[in-house]
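Next come two complexes built around chain A: one with chain B, the other with chain C.
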Partner chain A sequence: MDSLKRILNLVKRELTVPFALPNKSFFGDKNTYSSSGRWLFWTYSFPFLMGLVDCWWQSSSFTTAKGILYGGLFTVAFAFMIMREYLKKTNRAFVILLPASVQEKFAAKIIAYYVIIPLTMLVGCTLGYYIGALAGGFITNGQANFAFDWEFFAKVFNFSSISIGLMCMSALFLITSFVKNEIVQVILGVAVILLLMSLSLLASGIKGYADWLDFSSDIATYVVYPLISLMLLTGSYIKLKRERA
Partner chain B sequence: MEFNLTRTVNVLTRKFYTNRKSFLIFAGIFFLIMSVVHYMGCRTAGIIIGGENLRLNAVADVLCFIIVAGIYPFAELTEKKNAVFELLYPASRAEKFAIDFLTAFIILPISIIVIDMLALYAGSLAGKIYFANKGLTYSLPYFSNIFSQFANWEYADWMFITGGVIISFLGAVVFKKYRLLKTWVGTGIILFAVFIIGAIILYFNYKATGYWFPYTYSTNGYFNEATGQMVYETAVYHNGQKLDYIPWFFNRTIWTVVVQIFFLCLLCLSWLRYKKERA
Partner chain C sequence: MIEIKNLKFWYKKNKTVLQDINLQLQEGKIVGLLGKNGVGKSTLLHLIAGLQFPVEGIVTADGEIPGQRKVSTLQNMFLLSEEVPETTMTIEKFVKINSVFYPKFSNDDFTSYMHEFEVTDFTLRIDKLSFGTRKKVFIAFALACNTKYLLMDEPTNGLDIPSKASFRKILRLAVSEDKLAVISTHQARDLQNILDSIVMLDNTNLLLNADDWQITEKLYFGIATGEENEDDILYSEQTIAGNQIVKVNKDASESNLDVELLFNAAFNRKDKFKSVFNIK
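Entry: the complex of A and B
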């Protein structure tokens, strides 16, 4: 029970502090709760703005399910933040002092970045885009001709894309555990994601030979990609454990 | 986050005041070059299609947006002495970042467009004199027409221009010396590496299947008599075989969002980098 309590405390910290370390604010002040709110505000305002632009400037590309896509991609992008405290020596030392075991710290990271952030991002970005699209529609036509694009939704939000997203996040988790420079992290992260995508595309070209790598095949979606994610996560855990040793 | 408009404006004014010589020289050179370009434009187009060519040179302007975004923001950080002095400015980190952001993304682009407009009128005036000497009339540009080259651009064009400015801006925070050069040489190397990896992957695909690209597409149009409109259909081929569905990566919306978020991440990265630098 104590362990659960500690994990929940750490999760709360994960969601607020990396964006507002003591005296070092990201989008907020020292009050971590309000800063967390502001961070969410800034994230959601982007899909809102894009919804507004899409339906105001480009009334043709009217896809309200696009919010889901923003949510998913933001989730992957936030994976760069997983090991943020480890970029600086002082913050790293501060993390060591947190009263919890390495396992608990790792579990807190997984809950925060693999459960809570994806959910808040998907709901918030969809809502943000929806409100923006409505506002854009009102400005252009004086009315909101809102229609949810189910076809697009199904294309974006299926187990295959969730599986790929998880694998990309795990790859970023591993990269941020090892590399301590933000620029190199971004370059490596984008390169690895591009490589994974190209390999998958290549596998889809030679059907029947490398189905296990092709993300449109079931074996890749349900077995191979989750396995790769698990391996990458294990790597990250081992690194985290060594870092705390 | 501390944010005060008065302080921001004060530091912004200071930035422009201290760099005034550099700004004036840059503006002067740009004005001269663009005047000559527009004057030559008048002469080649002549009086036959007068008014048609009289518009801003969007390509040159955009190139200039990208160049200035790599030169002027965070100029204080390039020298240790100035960097220390900049720490003492009575403004918060967020305000200082906002000033450089405004400079690169709003003030300088607008200034460049204004200078190009002035150069356009100056060049056309010179053209008018040139034609008057030959006894011909030449009309000055109509204001409603001069932005037409920008108006033709699509959403994707604007996105990549913003992306170019964002990359220059990021380079300006990351590098200390030869910032613009290092940024674009670095970007070039990364793009080249991606191209090489892509080429290798495609080569393997060619070896395995005989097709360079696993997926190709063609768009065919036919006239629909019932509606009286042209209908365009895109067919996707997978190694020569037509597919009855369109794969996700042929969806333009997806790529638009991916690129948007990538550029947004780069912008966030420049803020994080600045934050770390000024900690």
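Entry: the complex of A and C
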């Protein structure tokens, strides 16, 4: 089997890997596993409910951007939860010893957690919100409220948000590679995301006041954040190469 | 061949788990890895598989270092942990996804081993199976991978009595002349009729590394006649049939190896045992 086939099969395996429900694992029942499918269903259902509530009780109009925003938030949380699965002892040992190189395993993880899961989540959550919003609109007015808020979409889904999102994911990747304790992982994960989000808000907030601030903000978005992501990913890779693969 | 040279390993610097282990394990054998709790049996299996790295010394499989985790090495090795992964996949899906990594995996072998274990429905979800049945799935998968080196950590834990017999049968069939199985176990009696060789660990060191015929050449296992020299008896145990003993086999008598008695003899009179097998 050549390298590409191995990577594709590893991706397939990553996407079907079971993972513990975090709440239950916190309460000591670490053997309660759930499927990715069930999690996807529940995460899609939240944007659906949000859409429904938005367009029914509050009679506001449907926005694709909101769906994407919710989808993005759930994506980070979801990816974090799955990444934590690497630290489950038996499954980790099994994966480490699967005949594939460290590079292939790392590539598979990047494809699974940086491409497939985020895209699936974004599409799924957006659709979830869309269907919820349609249903809410029909209940309220007998017709859907269409208002494609692309301006809002552009604000939410620009290079800055992609850049900060990648940095958050890379940080989570690094945390799950290095920290063994689940509770410390979650605390660190939340702290790092909040810190990075604040940095991002700060970078965008300072725009418009002075040229040099604009320049600094752009440097952060286009150079500093991607560089930090790259460094975090390199750290994870080295750690994986040394210990876990 | 698996070769271990001057192996030293610790998890914490002040507590050495394995020290100065030298071992050569040849294909064509089923090797029993014995030792008390916490002596480092699972650690040794992990070191052989490349899950852990030696602090000093070297572990090689056919000249390659398993810790480097090359595809070529990993394709030839399967470690079956004591705890098996709990997955929401069905048996058939698990096999489909994971078997592609092992070039010598045989679906026919897997099916026949599963039938031997009386598990015929492959559409069952693995996490819904009992621990014993889950273990059967992973044992069958491990054997069907047809890897050159098969490392098993307490494989009979959780298996019922008929399944232990099935396990012995299929393991004997699966381990051909070009394969090596290393089995760490506390259930010595479950496996004693199929072990070709015994490796025993004691407090960081090797206490025994010998084939079954070498053991029965040097030790006699049987019922005491009352004429034995006290100093030659390494261990005795009262049973309904009489006083079962392990003694130094000075008159080249033939007897069958009893792994549990051997283990007790080794720890009962360690110095004498070591001198019989010329272990420093």
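Please note the rule applied: the second predicted complex is superposed on the first by the 190 of 245 C-alpha atoms of A that agree within 3 Å, B and C clash if a C-alpha of one lies under 4 Å from a C-alpha of the other, contacts with A are read in each partner's own complex, and residues count from 1 in each chain.
Here is the rule we go by: a contact is a pair of C-beta atoms (placed from the backbone, for glycine too) under 8 Å apart; a residue touches a chain by one contact, two chains touch by 3 or more.
Quick caveat, the model's predicted, so the values are computed rather than measured.
K.L.:
Name the contact category of A:216: first (chain B only), second (chain C only), both, or neither.
P.N.:
So A:216 only meets chain B here.
K.L.:
Contacts for A:97 in the overlay, against chain B (first) and chain C (second): which applies, first, second, both or neither?
P.N.:
A:97 contacts chain C only, not chain B.
K.L.:
In the superposed arrangement, which partner chain does A:13 touch: chain B (first), chain C (second), both, or neither?
P.N.:
It touches chain C, and chain B stays clear.
K.L.:
By the touch definition at the top of the document, which applies to A:198: first (chain B), second (chain C), both, or neither?
P.N.:
Touch partner of A:198: chain B, not chain C.
K.L.:
Have a look and say if chain B or chain C is in touch with more residues of chain A.
P.N.:
With both complexes superposed on chain A, more residues of chain A are touched by B.
K.L.:
According to the stated criteria, A:187 is in contact with first (chain B), second (chain C), both, or neither; which is it?
P.N.:
Touch status of A:187: first partner only.
K.L.:
Chain B touches which residues of chain A in the complex?
P.N.:
24-29, 38, 46, 50, 57-58, 61, 63, 66, 69-70, 73-74, 77, 80, 87-88, 152, 155-156, 161, 182-183, 186-187, 190-191, 194-195, 198-199, 201-202, 204-206, 209, 216
K.L.:
Any idea which chain B residues touch chain A in the complex?
P.N.:
Contact set of chain B toward chain A: 1-2, 155, 174, 190, 193-194, 197-198, 201, 204-205, 208-209, 211, 214-215, 238-239, 247-249, 251-254, 257-258, 260-262, 264-266, 269, 272-273, 275-276, 279.
K.L.:
Can you tell me which positions in chain C touch chain A when the two form their complex?
P.N.:
46, 49-51, 69-71, 74-75, 77-79, 81, 83-89, 93, 97-98, 100-103, 127
K.L.:
Of all residues in chain A, which touch chain C in the complex?
P.N.:
That would be residues 1, 5-6, 9, 12-13, 16-18, 31, 33-35, 89-91, 93-94, 96-102, 104, 245 of chain A.
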